[in-house]
C-alpha cells in the first residue's frame, strides 16, 4: 500500500501538470491564455535558479541580468531593422560622438540578413549568457565561502548590468526595447502552445538531469566541494560550468519572454527582479521538481488577482506570505503538499517505525 | 571488581589474566603483528624536504618520507606535530613552501582533484560526507562500479539515511568506505578509527590487510590498532620526522616514550 | 581637486560606513543576511523626519537609533531568531520583512517624499575647498561609532557573547550564555546602527518608503570587500569605496563611477587569496 | 479591474464598441503601488474626478463613462499585461494612463496592434507620434523653448546641466542645450546620475569649480530633494546660482521643503497657485474628494483634462468605437483648469500655455512669467535632422 | 545477562543513598524531529559517580547526552541535586552546574584559543571544583593567540575539554573526549578527571575506548537501538563480557 502510493506520486503529479497545461487554452479566455503564456518563461527562469539554489546551494542575485540580456539579444533579432525606436530617435540627439561599436553590434543583430531567423533568437542568447556566466562562475568559485560570496558577486553583476543597459540608447535605454513580435503568429493561443512546448521540453530535461548520475554529482558538489574534490572531481570547474548552464537557461528564459511580452526593460536586470525570482522559488520550495512551476504560478496569480483589489495591502500580504513560507514551510508549497501527502499515506499504513 | 581488557583478543602475548589482581593496565599492551605478510601491489609515494609555515609558525620542517609499494605506514606523534598538515600537503590541501611529493615516480602537483585522479585517496580527520545524499548514493558516487556486496549488513542499517542524519561514528565509516571503494593506489587515512567501536577497529585492520592493491599512509593515535596494521611507523615531533622503523623499534625509542606515549609506555 | 576628492570621498564613505556597520554586525556576527537592512535605515530616516520637528534635530538623532533598535528587538523575537546561521533562509525571511516594513510605512505615512531640515547649513573652507559642516559631522560620527562598536565587540564580555551566540548556539548555551537574549541584543545593535545611519542621512537625502534599497546595495558592496564581521575592515573599505567613487565621479560622472567601483570590487574579490581558515580541512 | 464610478450601473456584456446605450468603458491605467505610485495615484484620482463630473452632467451622449481601474504596480512587465486586459478583454473605448515614458513605450504595441486608444497625460520628451496615442500634456520643445530663452536672458549664459540617466532627462537636456546655444549660451557640462542616486557631493564639487551662472536640472524623483538639499548644504544660493528644473512639480517640491526650494524655477502649463476661479474650484473639488494634503500639479491636471478631451472626442465621433474616437480627436478642445483652452492637433499632441514658476517659501510655485500659447512639436527641427522628421501620426511599432 | 532495568533506577547501589539528592537522576526520551531516538533511559548518578555510556555507532549516546544538557528536546524527568531541570533551557542547566565536552570539539573557529577559553568564564561559573587547565594542557599556552579553527584536531580537543572544565561544573558530560588525543594526553586527562572526581565532580562519559571507561568509571551503561539495555558495575563479569563484544 505505502509503497504503491509513493511510486505513484511522481507520475501522478506529472500527469496532473500536463493535463493542466493542456486545459488552459480550452477553459480560459484568450486574454488569460496570453497572460499565462507570459508567466511560462518565468518558470524557466525559476528552473535556472533552482538548478543553482535548490541543487547546489548557490544564491544568485544576478539572474535578472542574464534574463534581460537574453531578452535584449533575442528582441533585437526578432524585431529586425527599425529606424524609429526611441533608441534611434535618441541617437538623433547625440552630441556628435559618433557611433559606438556597441551600436554597430546592435545594428548587426537587427540587420535583415540575420534577424528574423527565430532559431538564432534562441541560440545566441543561450551562447552569450552562457559565456558570461562561465566567466562569472570562475570568479565565484575561485573564492572560498561560496554560499556567502556568490550572492554578493552576482549582486554586483546585476548592478553593473542594470546600469549599463540603462546607458545604452541602442536598446532603448530606460524606455526599454519594445515592439518585439512573437515567434509565432496566430494570437495568444498559439504563442501559448509554443511557449508551453518549450517549457515542457526544458522541464523534462531538468527532471531527467536531476535523476541522472550527473545530477547527483551536481548536488554533491554543492553539499561538500572539498569531499568531492578529494574523490577526483574538479568541483570548481564543475560548478562554474553548472553556473554557466544556469545563466544560459536564464538567457533562454529571457528570449522566450520577449517573444511573449514583446518588451524588455532594464529594471529586469536589477536586483529587485532577481529577488522576485528567488521569491517564486522560495514559495515553491527550492530543490523540488515542481517548485518553479508552482511558485511562479502561485505568486503571479496572487499578484494578478489580488493586486488591484488590495493595492498596497497586496504587497504587504506578499511580504507576510514570504515570511510565513520561510518560517512555516521551509520547503515551500511543494514541501507542504508532500508532507500532506505523507500524512495521508500514514493514514493508510500502520504506525510509523521509530527506529532507523 | 573492575573490568579488564583481555589483550589476548588482540594479539598473543603476556599480560595479566582475568580475575582479581593488581590494578590493570590503562592502555593495552600493543604488540606488533606477526610478519612478514605476503607482499601486495601498491603505489609509491615520496616526500622530499617538505616545509610548511603559516606566517611565523613553522609547522613542517624539512620532512622526507618514503612509502614502499604495498606497505601500511603509520604516522604517529603528539598533537600538533604536523601529521595532518603533511597529509594535506600530499593531497594538495596545503601548499608547501618547499619540497616535493612524488606519486608512483612522477611529481604530484595541482589541486586536490587532480591528485585524486592520479590515484591518491584521502580520508579527512573531521569526517566529511555529503549531507543530502543517502549512504548508498554516496558510495555509488565515489565508485559507481564497485562491489558493495561485502557492506550489505551496514547498508541494511543505514543505506537510505542521508549524510546529515548520520551519527559521528557512521560518518567516519561512510567516508572511509568511499575512499576504499575507489581503490586508489596510495591511500591517506587521517585517524580512521576515531569514534569506532573496538570490534570495528579490528575489522578495519582486517580490511586493510585484505586490500589487494594499495599503499597506506595512516595517521593514528590508537596504538593497539597501529601495532596491528603497521608495517612501518614514523614518529613526528614539532614538525620534524624524527624516526622511522618497525612498531617496536619506534615505540621503544625513549624520545617517543617521553614525548608521545607518556605513562602508557610504563606498562611495557 | 585632490582636496575635493578627499572630502567628497570620505563623506560618501561615511554614509556607506554607517549603513554598512549594522549590516556587518548582523551578517558577520549572526550569519543573517539582512535584506531588510535598508528598511531599518529608512525607519531611522522616518523617525528623524517625524521627531526632528517637535524635538529638534539633535535629540531626534539620539532617539532614532534607540527607536529603530527597539523595533529590531521586536523583529528579532518574532522572526530573525528562526533564521540564525542560515544565510539562505535569512535572505528570504528578511526580504519579506523588508516588504512588510516598507508597506506599513507606506500605508501609515503615504508614498510621498518626506522633508527633513538640515541641522547645520553652514560650510567650512578647508585648504581652499568648501565642505558642508554636516558632512564633517557624518565623517566624525561614522568613525567614532565604528571604533566604539569594534571595541565593544572585541573587548567586552557582552561583545564576546554576541560573537559566539550564533556561531554555535548550542555550545554557547552549554557555556551558560542565554543565546536568545544575546542574539536579540546583537540584532537590536545592528538595526540601531542602521537607524542611526538613517537619521544622519535624512537631512541630506530623500526620505520615502523605498529609499532603503540603495543603502542596502551600498552596504553590501562594503561587506563584500571587507569580508565578514570585521568592523575595522568595513570602515576602511567604506572609505576606500568612497574615495574611488569620488575620484571618478568628481572629474567624470557618477554612472561611470558606479560601474568602475563595482567592476573593481569584482576584480578584487576574484583575485583575493582564500582565507586561511576556510581552507583548513 | 474594479469599477469605481460613483453611480455607474453595472455594465452588461455588450461592449462599448457596439454603440448601445450601455456605459462606455474607460481604462484608467496607473501605478497605485510601488515607487511610481507617488505621482500616479493623484493622476488616477484626477481622472476619476473628471469622469464622475462628466457622469454627473449626464455622461456623453446620454451614456455614462465607466472607469476600469488597473494598477500596474510600477512594473513595466505588468503594465503590458494590464494594457492587454483593457484592450483585449475589457475592450474599453479608450484608456487614460501611463506616467514614465518606459511604461508608454511598453504598452505602445498593445494599443497599436489591438487598435486601442491611449491618452497619455504626462509631459514628456517627444520623438514619437503614435497613431493610437493622444499626448495630452506638454512635449519637450513646447515645454522648454520659451523657458530656456527666458533663462538665458535673465539668469546668465554659463549653464551647468544635470539630469537622471534615462531617456526623458537626456532628451530634455539635449533640447535645452541646443536652444540655449542658439541664444549664445554655453553649456559647461551635461552630467547624468543613476536613477536612484541621492548622493550629489561630487557633482556639487564639480559645479563649484565650474562656476556656472545657473544650473539646468532634470534629476527626477527621489534625487530632487537630495540634490536641492545638498546644494543648500554646500553653500550655494539661488541668488547666485539659480536652478531651473525641467521635471520638478509641486509634488517633488514638497519633499524639498520650502526653505531649501525657495527661489528655484520650473516651467509648466499648470501651477497649483494659479489664482483663477476655475482653478480654485478645481483644487477645492479635488481636495474635497481626496484630501486637503494633496497639492495639485501638472500631470494631475492633465489627467483631468484628458478625460474632458476624451468625452469631447466621443461626442464628436458620435460613437464609442476606438477607431472612430481616434479619427475624431484632431481639433477637439477642452477647457483645462487654471490654463484655458487646449486643443488636440493633427500630430496627436496638444496645444498648451506654458508659464514659468518660481518656488516660494511654502514649496509652491509663483508664476513669474506666462508665455504665449505654443503648438506642440514632437520632432523639433532644432535637434532632429530634417530628413529624419516623420509624418505624424504614424505607427511606432512594426 | 543484561541487567533488567525496567522497574528501578539503574544503579541499585545508589538506592541506599536516595536520602541524598542525586547529582543527576534521569528518566528520559530524547527526540529528534519529534521522533524519540532515545527511549526510556534511566540513570542515577550520586555526587562523584562516574558512569560510562557505551554502545555501537548510532545507538544514541550523543543524543542522550545532548538531551541531558538540554540541546535536544526530551520527554520525562531530569533532576540534578534535587532540582527538576527537565523544562530548563541549556543555559540554565549550565548555570546550575552542568557542562559538556561535545562530540567533534565544536570550538568557535574564528575566535582565538584564549577567547575560546574566556567564553567559558564570561557567564558566572558554577561552583564545582576549581581546576587549573593550563597546568593540565601546558602546550595550549603557546597557542593562546592562534585562531582555534587552525589548531590540530587533538589541540582542539584539548581546548574543548579545558573550556568545559573552566565552567567549574558539578556534573560533566563528556562525549568521546579522548578522540584525537595523543596517548600521553589521554593519560593526563584521565588522571585529571580522576582527581576531579575526588573533589566531587560527577561524570557521564560516552566513550568508545573501553580502557578509558575502565579506568575512569565505576559503572557502565550499554546502549543499543536507542535504549539502555544493560548496566552495572564496570567490573562485573556480565558487563565485561558485553564490553568486549562491542
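Order of writing sets the chain letters: A, B, C, D and E. Residues in each chain are counted from 1.
One rule holds for everything that comes next: a residue touches a chain if its C-beta (ideal position, glycine included) is under 8 Å from a C-beta of that chain, and two chains touch if they have at least 3 such contacts.
All figures in this text were calculated on a predicted structure; none of them were measured in a lab.
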item	value
Farthest-lying chain, centroid of Cα atoms versus that of subunit A	E
Between C-E and A-D, the pair with more C-beta contacts	A-D
Distance from subunit B to subunit A - Cα centre to Cα centre, in angstrom	47
Distance from subunit E to subunit D - Cα centre to Cα centre, in angstrom	75
Between subunit B and subunit E, centroid-to-centroid distance (C-alpha), Å	27
For subunit D, residues that touch 2 or more chains besides their own	34, 37, 165, 194
Residue numbers of subunit E (touch at least two other chains)	150
Subunit C: positions in contact with at least two other chains	213, 255, 258, 276, 279, 281
Partner subunit D, residues of subunit A touching it in the complex	29-31, 34-35, 38, 79-80, 82, 84, 86, 89-90, 92-93, 95, 163, 166-167, 169, 172-176, 178-181, 261-263, 265, 267-268, 303-304, 307-309, 311-312, 314-315
Subunit B partner contacts - residues on subunit E that touch it in the complex	55-58, 62, 103-104, 139, 143, 146, 150-155, 157-158, 176, 179-188, 190, 208-215, 220, 233-236, 239-240, 243-246
Subunit E residues touching subunit C - in the complex, by the definition given at the top	66, 69-71, 89-91, 94-95, 98-100, 102, 106, 108-111, 115, 118-120, 122-125, 147, 149-150, 163-164, 167
Contacting residues of subunit C [partner subunit A, same complex]	33, 35, 79, 82-83, 87-89, 91-93, 95-100, 102-104, 106-107, 213, 217, 220-221, 223-224, 228, 255, 258-259, 262-263, 265-266, 269-270, 272, 274-275, 278-279, 281
In the complex with subunit A, residue positions of subunit D that touch it	1-2, 32-34, 37, 69-71, 73, 76-78, 80-81, 84-85, 88-89, 101-102, 105-106, 108-110, 127-128, 165-168, 170-171, 174-175, 190, 194-195, 383-385, 388, 390, 394, 396-398
